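Notes to accompany the following structure.
Read from first to last, the chains carry the letters A, B and C; within each, the first residue is number 1.
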Amino acid sequence: MSIMEYNGGSVIAMVGKDCVAIASDLRLGNQALGISSNFQKIFPVTDRIYLGLPGLATDVTTLRERFRFRVNMYTIKEEREIEPETFAHLVSSTLYQHRFGPYFIEPVMAGLSKTPSGGVKPFIAATDLIGCLNFAKDFVVAGTASSKLFGVAEGLWEPDLEPEDLFETISQTLLNAVDRDAYSGWGAIVHVITKDKVITRTLKGRMD
Amino acid sequence: MDHFPTNWGRPRNDAHDAYGTYPIAERPYNGPKDSFSEGVQHTQQPIVTGTSVLAIKYKDGIMMAADNLASYGSLARFKDVQRLHTVGNHTVIGAGGDMSDFQYIQNILDELIIDEFTAQDGHSLGPAEIHEYLAQVLYARRSKMDPLWNSLLVGGFKDGKKFLAYVDLLGTTYSASTLATGYGAYIAQPLLRSAVENNEDTLTEEAARKIIEDSMRVLFYRDARSINKYQIATITAAGTSISESNHLETSWDFAEGIRGYGAQTQ
Amino acid sequence: MPGLPQQRQFNPYSENGGTILAIAGADFSVIAGDTRQSEGYNIQTRYAPKVFRLTDRAVLAVNGFAADGNMFVKSVKQRLEWYRHAHAKDMPLRAIARLIQTMLYARRFFPYYVYNILGGIEEDGTGAVYSFDPVGSYEREACRAAGAAQSLVQPFLDNQIYFKNQLAAAGTSHPTHLPLPTVLSIVIDSFTSATERHIEVGDGLEMYVVLAKGRTLQGLEGIRGMQELTTTDDGERVFVVRRELKKD
């Protein structure tokens, strides 16, 4: 039995034109037994950063609180919002502190960082369970359906997608990947982060 | 029924053996024997082994090389073993792995060639046929869970066509313009590929010989089960030839100043 | 156990990577596979075919343990030749599918470690794909991927071939069968994607196309480097299209 597959679940993030998207399934299971179809594993960190935490459910809760605490401390000390790049390193170092007794979570981050000219730059990143960072330019995936997500995303994704097209791409990628994964599915949620708003939609998917 | 009366034992005599204590000799068993009562012994591991074999395609045909060492574990046991073998008029095979299994393979191939020769039908086995035959033999043996523990390269030239292919103890086969078995697959194969790929029809014999020699030298430096004495086979339109043993020129000057390489003075 | 010699079991199997895939159209079938053969991190060769023409209407793709695969194809071809000699015609596709099941199940307790996908044209002229597990379970499908990158390719095919999770525009419906050029594009995309994300996939791509009797080449004339393998004049036709894949 693998701890990473104990509760199931998957997350994916994609880069678009001046926007990013992050999406996950909503299943919580006890191995093959489905427990909940409304288990959130993506959480807002700031207005412009979302964090997905696929893996062991108990660690999802623990890490969410831990990151909320550490981001709050950062905000108070620095008197400004954390940038996505900084947050990625915060996630990485938090996980690496537990190098020899890790949290069983593979975080996925999506956000918009500010540019000097006042615009926004899309940012996505993912780490393994001990904090090895992966800054991808296209998409990152994690969870029990990761190999399926890689396959579909590699086929569907293209550069510079507008928010609505990015929404369609990430939704199709996630839905079709989790439909081939016994440990993921039971509904899905998508967040598309743009310069001035975050579009959040719950998707209707197969419930078997 | 045991048909040997002497095995039936003496009738007991109550006069002097009232309690049946007279030792009756243990009767030999003359019934049918089960030859397999202790199981059939199969090759579970190679014993005396050869290391890498290298082969490449070049302008005129195929060039193959293997050193002359047969190891017994880490002991350099036999230092004048030939691991290249001519089969018929158009083929050379080279073997890594168990040398007794290889010598058995040489025997069955020699018999095969004699059988085919005796037919006098105007046909002769080429490298493709030899390779196919070996693949069938090795696959059949692995399917009996009694493998012939070898990695073999088959090189040949017949009817103007070059042939180079691999077959191993599992019956796995493949073909490419450069092949290497054992450690050669890790150490020599990259060198061979970068020198030979896309140059199969232009590479001269001299250049091919240099690539092979350089690769054998690198293998000698890094493969602890190798030796600096090796043979090169060429298979061309002119037929097959296996060279006398060559000695590799090596230089260990670099080791002079490195602690842990050469003899230490303190 | 004292007295018994300690034994290390000889492992008669290996895995040689690669991926295969087949898609059935209304009156054609595409059967494809990459040409890399590997063992662990070692690339044994960049060209070892995994897709084989059996008859003018049947093509078989085999993936898994290469030695078993080659031996299995050899046996199937032999059985098909015997059938030809007995009945003076090629075995129909559905009969080949059943033959493959019995041949695989015959080795139930020492299986061929091979995933098979059979593609071709049925007697009624429709394109068909049959997929098998190593011990002979099989079914007819419209599309199937197998091998090292099955998990990458199959969900992509669900989406692009079966239109899973896609709604047709109001008043319309999804096509049940796609045209040949579209199918070839999807096959090429599947393999380039798999090559990008799976180390055991790459080097070369071979796509076999089987066309139903009397079907025109329509839409296929422009395909680069297409080669015909048909052996008869008035039956189904077989073609092969080759493409390079990344070699890293």
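Simple rule for what comes next: a contact is a pair of C-beta atoms (placed from the backbone, for glycine too) under 8 Å apart; a residue touches a chain by one contact, two chains touch by 3 or more.
Just so you know, these numbers come straight off a predicted model, no measurement behind them.
**Q** Of the chains shown, whose Cα mean is nearest the mean of all protein Cα atoms?
**A** Centre-most chain by C-alpha means: C.
**Q** Averaging each chain's C-alpha atoms to get its centre, pick out the one most distant from subunit B.
**A** So the chain farthest away from subunit B turns out to be A.
**Q** Averaged over CA atoms, how far is the centre of subunit A from the centre of subunit B? Could you give it in whole Å?
**A** Between these chains, centre-to-centre, one finds 54 Å.
**Q** With chain centres defined as C-alpha means, what is the inter-centre distance between subunit A and subunit C in Å?
**A** Computed value for the inter-centroid distance: 36 Å.
**Q** Please output the residues of subunit C touching subunit A within their complex, sorted ascending.
**A** 149, 151-156, 158-160, 164-166, 189-190, 193-194, 196-197
**Q** What part of subunit B is in contact with subunit C in the complex they form?
**A** Touch list, subunit B to subunit C: 42-45, 135, 139, 142-143, 145, 147, 166, 170-176, 185-186.
**Q** Looking at the complex, which residues from subunit A come into contact with subunit C?
**A** Residue list for subunit A touching subunit C: 147-148, 150-152, 154-156, 171-172, 175-177, 179-180, 205.
**Q** How about subunit C: which of its residues touch subunit B in the complex?
**A** Where subunit C meets subunit B, its residues are 7-10, 12-14, 16, 37, 39, 42, 44-48, 65-67, 70-71, 110.
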